[in-house]
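The following pair of complexes shares a single chain, chain A, combined with chain B in the former and chain C in the latter.
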Partner chain A sequence: MGLSRYVLGRVAWAGIVSLVIVTATFLLLSFAPNPNIQEAATQAALEGNDPAEAVERERELRGLDEPLYVRYVDFLNGVYTFDWGWSNSRAQPVTEALLESLYYTAQYSVPWTILTVLLGPLVGIYSAANMYNWRDHAATGFSFAGYAMPNFFFAIVISLVFAVWLDLIPVTYKTGVDVFSLQNLRQLAAPIFVLVTGSIAGTMRVARNESAEYINSDFMKTAKAKGVSPLRAYLYHVTRPTMVPLSTTLVGQLLALFLGASLLIEVIFGIPGIGKTTFDAIIAQDTNLVLGATLVFTFIAVVGNLLEDLVFTILDPRISFDDR
Partner chain B sequence: MSRDIDRTNGPANALSRRQWLAMLGVGSATALAGCLGGDGDDEGNGGENGGTNGGENGGENGGTNGGENGGTNGGENGGENGQSQFPAVSGRYRTNSSASFETLNPVYNTESGAGTAIGRALDQGYTFTPDNEVFPLLYDLSTDSGEVWVFDVREDLQFSDPYGQVTAQDFVYYIQEIHKGPFNSANSSEWGEDINVVQNSEFEFQAELPNPQLLWPETFAPLEYPVPQGLLEPYVQEEDDEGLQQDSELLELQFTGNLGPFSLDEWNRGAGTSYSRNDDYYIQNLDYGPDLFAEAPYFEGADIEVVTSQTSRLNQLSTGEVDASAIPAPRFQEFQDNPNVSVRQIPQPFNSLTALNMRDNGWTGGPGNLFRYKEFRQAMAIAVNKTELINGVLRGLGAPHFTWQPRFSAFYPPEDRIEEFKFGVEPLVGPEMARQRAREALDRSEFDYRFDGDTLVRPDGNTINLTHYHSAGQETERLTCEFVAQEMDEAFGINVNVEAIDGTQYSQNYWSASPQGGTDTVRGEEVTWENPAPTNPGPRSVTSDNAWDMSNVFGLNTFPRNPLTNSAFFDGVTSFYNPVGYYPEDFDPASLFQQAREATSREAFNQAMYDLFANIAREQPYLMLYFQDDLTGYNPNLVGPIEDFANGWNFPAWYFDE
Partner chain C sequence: MATQKPDRFDDVNWGELADNRRINLTINTKLALVTIVPIVLAALFDWQFVDGRETLTEELGSLAGEELGPVSTLLETVGVLGFFKGFGLSFDPTPVDYLFVITLLLFVFYIILVLWQNPRMTKYYWKEFRRNRPAVVSLVWLGILAVVGLIGPFFYPKPEQNVLHGHQPPAFWEIDNANAATCLGEVQGGMCQGTWEYPLGTTRAGRDVLGFIIHGATISLQIAFIVTFLVVVLGVSFGTISAYAGGWVDELMMRFTDIVLSFPTLILFLLVTYIYGSSLGLFIIIFAAFGWGGTARYVRSKALSVSEEEFIKATRISGASVRRTVARHVMPNTASSIITQITLLTPGFLIFEAQLAFLQLGADVPSWGQLIATGETDIEFAPWIVLAPGIVLFLTILAFNFVGDAILDALNPEAEAEADRAEADA
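Now for the complex of A and B:
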């Protein structure tokens, strides 16, 4: 099986997975009580009108009196044409709300992801190369301190020290600042630092253990004997095989962090990103926006898994497409 | 089941969602998705809501500023050296808010926070001064008997292009076609079919009410935003409610012309709003009011930042990143000692109370229901030492609550009328006196409750166990409940178990019930519940799904500007809002409300209200505890904020003294 055929297969599978999730979401939404209808009933009761009549009218207005399959087809049509409806909690189209939020999330999540992917394995390999001496302990201690401290707490401490006491950074994120500017770097430094320190520990430990296996391997001894520089030896002969098992942990771990950690960080630093938008939408029972955010996260997860599979085959040519 | 409402009975029976939300206060945030903010520490707009924002919420709940600028200090900077007598326009006025805005469309907004954001760019018809006088902005209101109200619209008001001048026709069209039409607008139910609106001239129209209402402006019903007829027409013709909600000109406030102190530059949905100064603000032409209005506003721009984390909001205040922010009571002292912050303690009308369930599923501690006897409720009120409660739980930042009005209200009864009902403060406080009063209630009970030493015991001799609910996560309420429980134990030996509960769950399964109606005998007369509501589903035999005894989940608005609105709570046993099943014992509140409605003079109106509130203080329909102050921190260079409920009424005159 060639690479292109494999990729096509994986993409098709991703499409099926997303359809299943979209269908499940539709069914859940169909059977859940609609807050707009409840509100219409309450409003009618408060005004002394008939709530049952108001409910019927609201159902009709929202097309909920149509048969389920008709609504399902409309729903699918909307999802795949990016007509994701109107967000009642933000008074704007759902797609616009999500794009706006992703724009701010990306500003810290991209550098965070890059730094985690770079620093985690590097610190791990550095630890392995200096195993059991003070450098190893220092690197491990640093990673675990970041991991052990809850992000929201660490964020508050950082904010207190650097924003309130030292006045080096602003307390909250300002949206009017240019993306590629020193001012933006200054205001994003704290959230990125907190996130990176919180996320490199796992990667670092896996990298340390995996690379320890290769540091004393025969091919490393050969390389050293042939006079290969330590940097080249570690980069080519240790890092590469280490990254194969690591790539599986990285994607899953980062996706989980994307959802969980980013919300808390966005709340503390006032970043209007996707985590906060989704959380607010859930609290406000903004079903369209919750659904849209679910689709975005589904898309990220599906694409993330796809990339992970592809990265596998590129990093380790021994893994064949036929086996998968 | 159809529930026809007799609208001639005034506002008690028909409520808009806005009014309904405005009634619920302190503890209602969790139940109502934060519509009115939380524990007194969550309304972070700096509180300068007083006059120019959203109706009932904006006015009643609003906030922070002041009369100290009012017409008296316009010349304080002097003109002797040829300098302007007005402060220089400088800086940006920056505040923060705990929640983002659902909409800035003035036709649909019902939230206080968004009302502030709209108010930066768009004034409403009028506001209230610290003396509780109506201060005309866009129009002046006048009446002879309270039945016909004439609106005089200013002639210098302009919408943005292409909508031209604001005329009476714009208001009449808005009221007729939007409020009275098929649109789900913010205060549609306040303009009922029976209110006739007529345009008299280009700049004058009138509203003819079915009954005289001397305090009609105080109900906020005639408080309107100006919205161009030309903008509304296409939606009205199509009956397009959804389209009107989503109209970008309304959402982005692009039609506001010279109608507000600032123009909205950007609304970033997750981050907040930013504005720039409106050089042509019409208020500069006012020939009354503060002199400072002549050059207003005095800021180059304004910003409202949405910051969810309270810690971050307070950090912003400490570092000067914002000029105003709400402060929670536990940190008030810290900011009071901070030279970079100037704090204000602002009285507000939302009360804190312990609700006592007088329905059949209340008083689960034994047979009968002792809560139904006013002497027992008085005994409980005497048992709770309000001074200690306020000092201990609120750190002294509040005022004791005796009757359904805060002390600053013009309708608070004269001291001699209320003196003997000021329960919970010296001299009417203490466990011994409480037991003495409770004995009077026991004499009335058909069951053999008695004191065994200092402990009140059931007819079977066992101690009494009750449950007291508070909203989960609301620390002030939890501490209040704990304190009340402790006092009940000390005075009566009643074991009160304090439990946290989710606000929504409480609202649905405990506080409200399925309306059933029915009849009951009250003070010898048969009363029928003809229009039962979830918050008053019927007589005491009609109960919620779950039994409960006491709760401190909802605080309620006491409506000090227009106390008639309190008829929703107390207009007889069938009033719209009576979840606790309170039956007045020795007075008829409905007739007092009627007297007030029919009053032709302010004095007669006040007398009826004094009678009402003196009786409420005596009967203690709820265990009224305290009014917690709103606490706001300001930039110390900011001139304007005052410690008054009307704070913010003259916001355009605020400035930085630098």
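Now for the complex of A and C:
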């Protein structure tokens, strides 16, 4: 009974959070000067018509003459029925534009997430197993360097060295490539590498510090005394308890990177993913698309936090759901 | 027989003591009040009576010096003019500058001065800190940056456009003469040599990279100090209040924190920039408004665990008010973990600013990120424009991490004992 009730509670909470954020975005946009209306006014003034009248007509056309609460209800209806309006800059429905971009974003973010989740804890536990010798120091140094290197700067340097000077990877991203092809791997290798070095560092650091606690624990001594192989001992007895605290930071870190760095990575490498779409929409003042992209990012953040809590409770059977 | 009896516990007039306490401010608070109140007044005066000041550019600012007389006169009469001069601020401080000076003063009185007042503890912490050699180097680097950021802009001119001097290579570097606008140095075999006039070269528009980096250090310093200060004030008060209130207040406050943490900050910032345009002040406000969530959560959990301790119970039993318990016992005992968290939080803001500046969405100030953005198109033949600020940014963030790690070890004797044990084992 505990788990299902807990999950239900969390899902309901996730819904409330996204509602609050969506409302805030809506208010922010509704109090902002609408570029389309200004454009209409300028247009009318240029053509010698009455600008005020044109503004009135444009407002009516866009349904902005309705009171705020009516527009809010309409907006909410649109959000939850996936009718997110028309993107002017891309000349297609917002949902379609976003789905298209997500297709490209997923191509690099799925391998990136998998690599981070696999490599981060492994390197961290390896580092903890060799604590305070040169291997640990090398891994720590690498982790600090990876964390401190601003992703966008690293991306620029990587593309300078490997694409421009060494000509190993293509300079521009091609969209028509098969997902599972060598060519796609070549053009996605650089962004994935940059993102993994950025995200692995924090994960590995947490894994190192957390697993240090378990490496000298009594149950590890017992395991060793019983003749359990070191590999099994580390993979089975150390990794499991380490993953519990790690899972709380992992999702958060990945999300922070996803929401921040992926936008820059996409802009630098020219990947037409969700980040670049958002950025282009803002530059082009495409209100509907901006709003839609904000919703997608919010949704990902809310779902990510939800998953984080669920994974936490599933990994650690000691946590009782009734307490939360 | 009965000559001198020692003071007895029950002879102490507690009422008198309690009265004394109320008036006796520490020297730190006095100094802070004496210096900060005039600055706040100056800022208010500035805000109320001298308007339209922000629209003036730097050059106009110096031209209009006569006109802005009231500000400097006021500053002079209250005697804080020296501060503004000393901190590398012009006569025409923006609201950000006022805030910056205030946070700097708070930093001096509540961190530097406190360390000075407790030499024994300072020596102990320094001994612990010194064990971590990269951290010492990092601290020196941060110190240099702070000095450069504070006084550099006064000695080094702001990078100005000069198209004729575009793409000058740094000293000891050479580029194809075809790429430099007019080579200032010698031309050897068609390669333009760098000169000491521009030690780190120039951008396409001929702006001095070194000057850009020095002025960028000020911006980074302002962001680091102000945002961190605001985040700490918000996060610590929110976290402690939440932990201490408990019950539904706690629940409500933490749920609110959840929402703040779920906001996609970058997108929000892009949105706000897109609607209202960007400035350094707006930037700082948004960072602070959405950056405190993690700190609040952290402080709350720390405060909860501290308030379970026996000495807190003892304080309560001896009749201390909640306010006093929190301010004198709970907060100081969470301070060490807060300091560690700050050193890991601050570089995040610097990266964030650089990212936005790189996207050309940052405020119109000479920041490192903007320099990276300027140089990106010419990176093939003029990589120094991107590399110089990028490396400085990288080193700064690295330094923050090393220092944070060392502070964590210095303030946490348990971790140290663990390290000793491991060293003994090895």
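Everything below uses one rule, namely that the second predicted complex is superposed on the first by the 323 of 324 C-alpha atoms of A that agree within 3 Å, B and C clash if a C-alpha of one lies under 4 Å from a C-alpha of the other, contacts with A are read in each partner's own complex, and residues count from 1 in each chain.
We take it that a residue touches a chain if its C-beta (ideal position, glycine included) is under 8 Å from a C-beta of that chain, and two chains touch if they have at least 3 such contacts.
Nothing here was measured: the structure is a model prediction, and the numbers come from that model.
In the superposed model, A:A293 makes contact with chain C only, not with chain B.
By the document's definition of touching, both partners, chain B and chain C, reach A:Q285. Contacts of A:V267 after superposition on the shared chain: both chain B and chain C are touched. In the superposition on chain A, A:I156 contacts both chain B and chain C. By the touch criterion stated above, A:Y103 is placed in contact with neither chain B nor chain C.
In the superposed pair of complexes, A:S89 makes contact with chain B only, with no contact to chain C.
Within the superposed three-chain model, A:Y6 lies out of touch with both chain B and chain C [touch as defined at top].
In the overlay built on the shared chain, the residue A:F193 is in contact with neither chain B nor chain C.
Once the two complexes are overlaid on the shared chain, A:V164 sits against chain B and chain C alike. In the superposition on chain A, the residues of chain A touched by chain B in one structure and by chain C in the other are 156, 160, 164, 267, 285. The residues of chain A lying in touch with chain C in their complex are 13, 17-18, 20-21, 24-25, 28-29, 32-33, 131-133, 144-145, 147-150, 152-153, 156-157, 160, 164, 212, 259-261, 263-264, 267, 278-279, 282, 285, 290, 293-294, 297-298, 301-302, 305. Of all residues in chain B, those touching chain A in their complex are 1-5, 7, 13-17, 20, 33-34, 100-105, 184, 189, 242, 245-246, 251, 268-271, 274, 305-309, 311-312, 315-316, 318-319, 321, 531, 533-534. Across the interface of their complex, chain A is touched by residues 255, 258-259, 261-268, 270-276, 347, 351-352, 354-355, 358-359, 361, 372, 376, 379-380, 383, 386-387, 390, 393-395, 397-398, 400-402, 418-419, 422-423, 426 of chain C. Those residues of chain A lying in contact with chain B across their complex are 39, 42-43, 45-50, 86, 88-92, 97, 100-101, 104, 156, 159-160, 163-164, 167, 170-173, 175-176, 267-270, 272-273, 276-277, 280, 283-285.
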